[in-house]
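Remarks on the structure that follows.
In this document, chain identifiers A, B and C correspond to the written order of the chains, with residue numbering beginning at 1 in each.
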């Protein structure tokens, strides 16, 4: 068991080479089986997942686990499944990819009896195809050491360049940007998607974005807003909440999150349709989402847990930083996945056109 | 055994033909078909596709068409195929995602259900129009959309509503940026190649090495190096502010300047090498000869050296331009939002929205553009010494 | 008309620490055909390059028609240059090539066309005016280069081994053509070559170069018959050299006594005194061979034995071993033929020999 673990530690390439070698030695008596391949979003987060879930699971089962990183993108998953046998088994996906793929049938249906039943998850955490793994937020962040007099309280302040002069960082996507714009224009979190559902509402959001255009800096990778905040290139920025807590803990920065009007969503594990190791994948999902395992995650990165029992086991010192903490959740907006599934393509095109102007 | 040598020759080149076919012709054909066809609707909803052509677009379609649609839904058992239809229809008309999900479930439960009761959107002709528009397995809508055009309800080609799509703008920007990079490469590369061709020994080795060296480093590394040099607290800005030349950092990165600068650096070898290779075949004393015949150095350059290096200049310019058109990483890392090039749009369509037809259509337009340029190149670069 | 149309005055050229041309003086008259002859690296081409303006002058002056031209750029020197590799512009037609110097001078179009046609007719290439250089043979290309260098009626025509790339027959034809042009047009031509036959055939004067200096500058006949020193004697044509001591001087006839005791009467350079060491240069074709003891009276004689004969078509090369060393003679086959081992007497007149300083 120790030995298999070492092989996987040497890296996927070596493991694969050895698998090929073994297959050749056996002179084709059996096709070489691909190791269970798990794909997540990389970075610190995946490092934590590797320590908490991938390695222990490999040791438990005695079979190596390959882990790869991706940057999201529904087209990638669809292409893999359409190509025949996908070379990934378990993938962590965002809510929109989950909904699209489940409707398109590119994911395996999960066996919820093995996963402890849908009731053990928070709302939206358990679907036919996906088992929620984390809850994460897009929220406003600022440097607590720099904004000492007044602090932003929400998107209206984010748009207020007189009170808070300077550039603002915003994720370069229609999703989040349009919600933020409407909330800045006075729409309450609960009504955002109702307004956005009308063409007038979309126009209103774009008009509000127009106002802030000269002061906007766009970011795409999650690490970018952190460095922009640290260097002072921007006075505030939308961020992925987990990154802020992590940075404060490791580098002693004093970046602050604004939970008010933050937008949260669930990331889930899915199994690609036709995946070679779908049974092992199912076992892995059950293992990683088991409360005693999953509850260790917030210590490494401040993402909330969609498994109710796991969330309860998180120590209070970490729990306050999570999107799922009751006080935080109360002032947050839940990303409307259905809205974005329907409108993403059209709004993304329009957003890109707007950005490109 | 007549014809056997030909057969043998054919067998010899078979691997080559196979390679060409597999890695060149086949993908090309795939791209072309993808860009003009999307058979999802006609395949999954054959009955509806047959009938809906007759619908006049006013009000909800006839009961017959609606029945055909329900029958198609019942008949469609492949979820992935239904997914394809949904995605296609949602591209044309936002909202089809949720509408189809709801409808498929309802119709499978009760094949005779009234669609308008399942969802009131079925009473909206716009949704039926989307089905009608996509009923044919062949369409020019992707190619049109790739340049921000569409067909209006009368079927004539018109520009899309402003602000809805920026493909054409980005395509033009790509061409413009590429032209700029080409020009920068030319301005730097032509004298550089001339100097390299005129010196000998270690000097030539150093000059050529300097231009070749970047080719041995990965594109990503070079781009990252530029990020370090150009950023607000990068070397250049530190020196400038340190010397008191500028009061604050100059904006060197996340704009067109950074993109053009880095692309020029990366693509310079493709300009220098063709010019250099042409120039070293030019006899060294042609310039001397011109001078002895009374030509001022500038006139000698214009009349003799420049025309002779023109073939290299044209090859270099085209190489740089055509390579630039496909650039993706450098503009993404060094450019601002307004500097992204067309490849990023293709990537967006392919990896994000899984709209392979749009990706193929823009790719095809790029391909046609490149081929046109190549044709121009072929005409221009015909060897004047061989031309009759 | 100035007698000294082109003057090199103490011209020196250094490449770094290497002195390629040293303190060189040379005067060339208008209408003269002067060949610069010498082994490679002797400085002859460098001198031409300095005259053309392709190379700078390290020291000294070059004067053209009374004007110092050291700092005059090439394009203002008005000299036609013909290169060994033709140096035609490959992207221009023959006519365009020849028209180039006229274009540079702003000659009117009609006049240009006329002069180009005339120049091409002169080299018999009028019918190829529309071709590109690459479509012509080497000889044709060189004739185009010649037409191009002459069409603008330059003050001087410089030729840098122009025939070096051509085969023997073509070369000889071109030699005659160039000589003919020189006579017809009265051109001043400076012609660099390492081929002595070429220089002897074409030149009014030959300047023999060695180690950056002119060893001798004189007419072909003078250079061949009366070489100024051992280098010239050996470099031009073939010669036998016999070393001895000047034992008597009478007018232009010197008596040279060889270490073995034999002595010869011969013409020689002026300035010898009795007792000086001298070197007798004896051209092989100036030596007659007689059966031993049958040499006529009044000529220098030397006894020897034929050790080798080489048939060379129009003449016979005979190697004779003598007391003074090995002598090579060249015999007209109409006169006599000799076999190996024959005992012979060599004979030559005083005016057939030339004594130079050793």
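The rule is short, and it goes like this: contacts are C-beta pairs under 8 Å (C-beta built on N, C-alpha and C of every residue); 3 or more make two chains touch, one makes a residue touch a chain.
As the structure is a computational prediction, the values presented were derived from the model and not from experiment.
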| item | value |
| --- | --- |
| Highest C-beta pair count, chain pair | A-B |
| Relative to subunit B, chain with the most remote C-alpha centre | C |
| Core chain by centroid distance, with centroids computed from Cα atoms only | B |
| Rounded Å distance between subunit A and subunit B, as computed from the means of their C-alpha atoms | 30 |
| Where subunit B and subunit C are represented by their mean Cα positions, the distance between them in whole Å | 68 |
| Distance from the mean Cα position of subunit C to that of subunit A, given in whole angstrom | 90 |
| In the complex with subunit A, residue positions of subunit B that touch it | 78-80, 82-84, 86-87, 90-91, 94-98, 100-101, 163-166, 169-170, 173, 232-233, 254, 332, 336-338, 340, 345, 348-356 |
| For the subunit A and subunit B complex, residues of the former touching the latter | 72-76, 78-79, 81-82, 100, 103-106, 172, 206, 217-218, 220, 231, 233, 273, 338, 341-350, 352-357 |
| Residue numbers on subunit C that touch subunit B, as the complex places them | 52-54, 73-81, 83, 85, 87, 89-91, 100-101, 104-105, 132, 134, 148-149, 152, 158 |
| Residue ranges of subunit B touching subunit C (in the complex, touch as defined) | 282-283, 285-286, 288-297, 299-300, 303-304, 307-308, 384-386 |
